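Step one of this worksheet: look at the structure below.
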């Protein structure tokens, strides 16, 4: 039965506005992606060596033999791994934050607020304090320890949920308790440490891109890639979670199982990011909010754009720290916090309610 | 609260005792490095020594430690372990001296300090700052506190510290000789540099406690940084970073230093640290120093290409004999002007002349 | 044909509904009536498989559907909790056919969702998000989602709760015409007796977790039933076109002497 005429007109208008909305979101996604590409290039070009733009580009495309060795070393051994690491860590944290906010239904959820970052920091602090070293691969002792304790925090939160029910409230409570636990343990370690050791621990906690190597890039990259593939398969189910547990369940979704699966993926994603570069806050919290403002909550765009925004924040912070103090190595965790806090304030002031 | 009561009572008891026993003793006035004028007993036979253990030995002579009743043991035994072992071997009584704990680690025990009944406490400037109002408590307990400061790395403070300790120990002549030697040596370095002229060479200094795999802290205007400045070098870290931070690896490559100094010490529990000090073999130091030249991009640094990569004993700075290290650095930067100066020999001679132990080990080393 | 047998829902040791059984014809629209707390929601949730329940649910020839199998054929719309999110209205409707959605959403699906939206007169909502629309409009969107699913069975928990008079009629009208056209079976838990009597083919009345009346509105509704179910003295009048008019007069004490069917 054909629709009455005024309804027909409305329908075609609705279709048009809907297509416009879709186009607009797509535009934002592309816009942020290009933005990221641009600041990646800027990050590679910027550095205390003040290299010439052409030299840098040449070293990226030409074979090794025809490039000034110092430029080649700086670009390939120092700048490129750092930039790539910033991208990977930012994207990992952005996506982890996005999914945490989705499965827990809470705008304050992030890898940081659930205690994973703090746990990683504790693991690193213990290793640094006691001067422990793994045989064969001593330089990976700290990342491995950080990874293990971050996973421990994940297991802790899951353990609580398993006993008391896999609901958002329980997980958030358990997460906050875990956060406080590991932060106190961290403080204990700091209290026990002698000044030079303390400085080392604190420096690690602040986060630093300096530890970026091609190895850490490939490990983080691998984890990110696998996580994205796994998460993409559940895109629509995750979008449906935003309707509330009951409605999602009535759509045929096994909500506790989905929540658990995503939780585990996100924990690995976080651990993989934090283990190598230290505790970095705000990215996991702020990136999803910005993504939500730009492209809405449809996971097909929300997840990638969260990752892109996270990467933009990290790479941006990297550029900022190089510009402010070229000779020093500014802990990137501090810069992201300094950049992230005004963002958060702005979000709150501009009626954030609209976008949650 | 209870603790404070006990401490207060003890302080009262001790000060009464000291008052009665030393009421009739002579006191002298000394000026310390902070400009404080302090009354200390003449010929003090019970001294609390916070830091500068070797300098104390040099000024006081072979029996100096007979007068020491308390020291900050961790600052010697843990921070300069090879040094500690060597001195204890020469004078086993040192190991038995009371330990007041370490100020920076927060383990300083004012009770142990007071219980040792020292007549005067000699501490370093950084210890004075870290102790805060504990200093007042010590003074209230009848223990005058004087501050020496070799960390400032200035001739002026080196001289004041030396003469002050000499006065307290009744070794003023010895102290004056040491002070003069120091001042003269530094003045000599400065005049040679001035005569040599030329542009200051670019220098990079780093502490080698973590080994070549990680970039350790550099020095700007204190410790090795200041010595490099005195030696007429252009410290590439100046104005770039604050204290106790590493320098950006890319920046190091970009500024292309012409001389590199890595500070080593007796960090035997760290697998890659640059190990130096008493009883250390040069092969070990070289083995730990070599990987630095393999850092990414370092092959193209001038200092590495010309072989000017050196290791310096970290305990050598902020001492009465640090002028030998100053000479070493200056000689690296101005070889012709210092052709007739042998810093390592001067270092050895200082030990032979003034200290009860021999300087056997690795203290200044060129990689190749 | 929907067959429900021996349906029991317990919360802990407390039995909310015990051993319920009934059958519903395809294309029928049944209103589920009863006072608050008599188990209407639990009945719907139990059939939907959203909460644990014992008993059998059979649909046509598919005997004993397990809870995880029911999602394909049963659409359950819970009571509105007022919860919102920033999903757009069209996304919400599309989620009804979760399984057909992939990285690309077929144009045909989008168009179908949009036309359902317009069918409810919500075309003007365009691309608003859930938090930007009123409670009543939200109800309609969720209902649109349920209809979009083309389910065999539609379970609606108080679908007209927040709606204005006009939309109440539109909703019930759409539901019953959808059922007649597509052979869908619909059960709606409701409180408005007059509307239920007008729009539903059949009434199932519950009290204390048991079914106390089951049949056509004109056969089932009586002043005494209303008094027993709701504790309300009401006036019952059959209008000129056979439509029942129920006018509540005053509340009385509830007597628990209703015998189960």
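Letters A, B and C name the chains as they come in the text, with residue numbers starting at 1 for each one.
Going forward, a residue touches a chain if its C-beta (ideal position, glycine included) is under 8 Å from a C-beta of that chain, and two chains touch if they have at least 3 such contacts.
Computed from a prediction, not measured in an experiment: that's the story for all the values here.
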Drawing the touching chains as a network, do you get a line, a ring, a star, a complete graph or other? line
Centre-most chain [mean C-alpha coordinates]: A
State, to the nearest whole Å, the distance from the C-alpha centre of chain B to the C-alpha centre of chain C. 85
Compute the distance, rounded to whole Å, between the mean C-alpha positions of chain A and chain B. 45
Over in the complex, which chain A residues touch chain B? Could you list them? 47-50, 69-70, 73-74, 77-79, 131, 133, 138-139, 194-196, 199, 210, 325-329
Under the touch definition given earlier, write down the residues of chain A that touch chain C in their complex. 3, 7, 10-11, 13-15, 17-18, 20-21, 232, 235-237, 239-240, 242-244, 246-247, 249-254, 292, 296-298, 300, 353-356
Residues of chain B that touch chain A when the two form their complex: 104-105, 209, 213, 215, 237, 239-242, 244-251, 253-254, 269-271, 296-297, 299-300
Help me check something: in the complex, which residues belonging to chain C touch chain A? 48, 50, 68, 70-72, 75-78, 81, 83, 85-88, 90-92, 95-96, 98-99, 101-103, 110-111, 114-115, 117-119, 121, 123-124, 126-127, 129, 131-132, 142
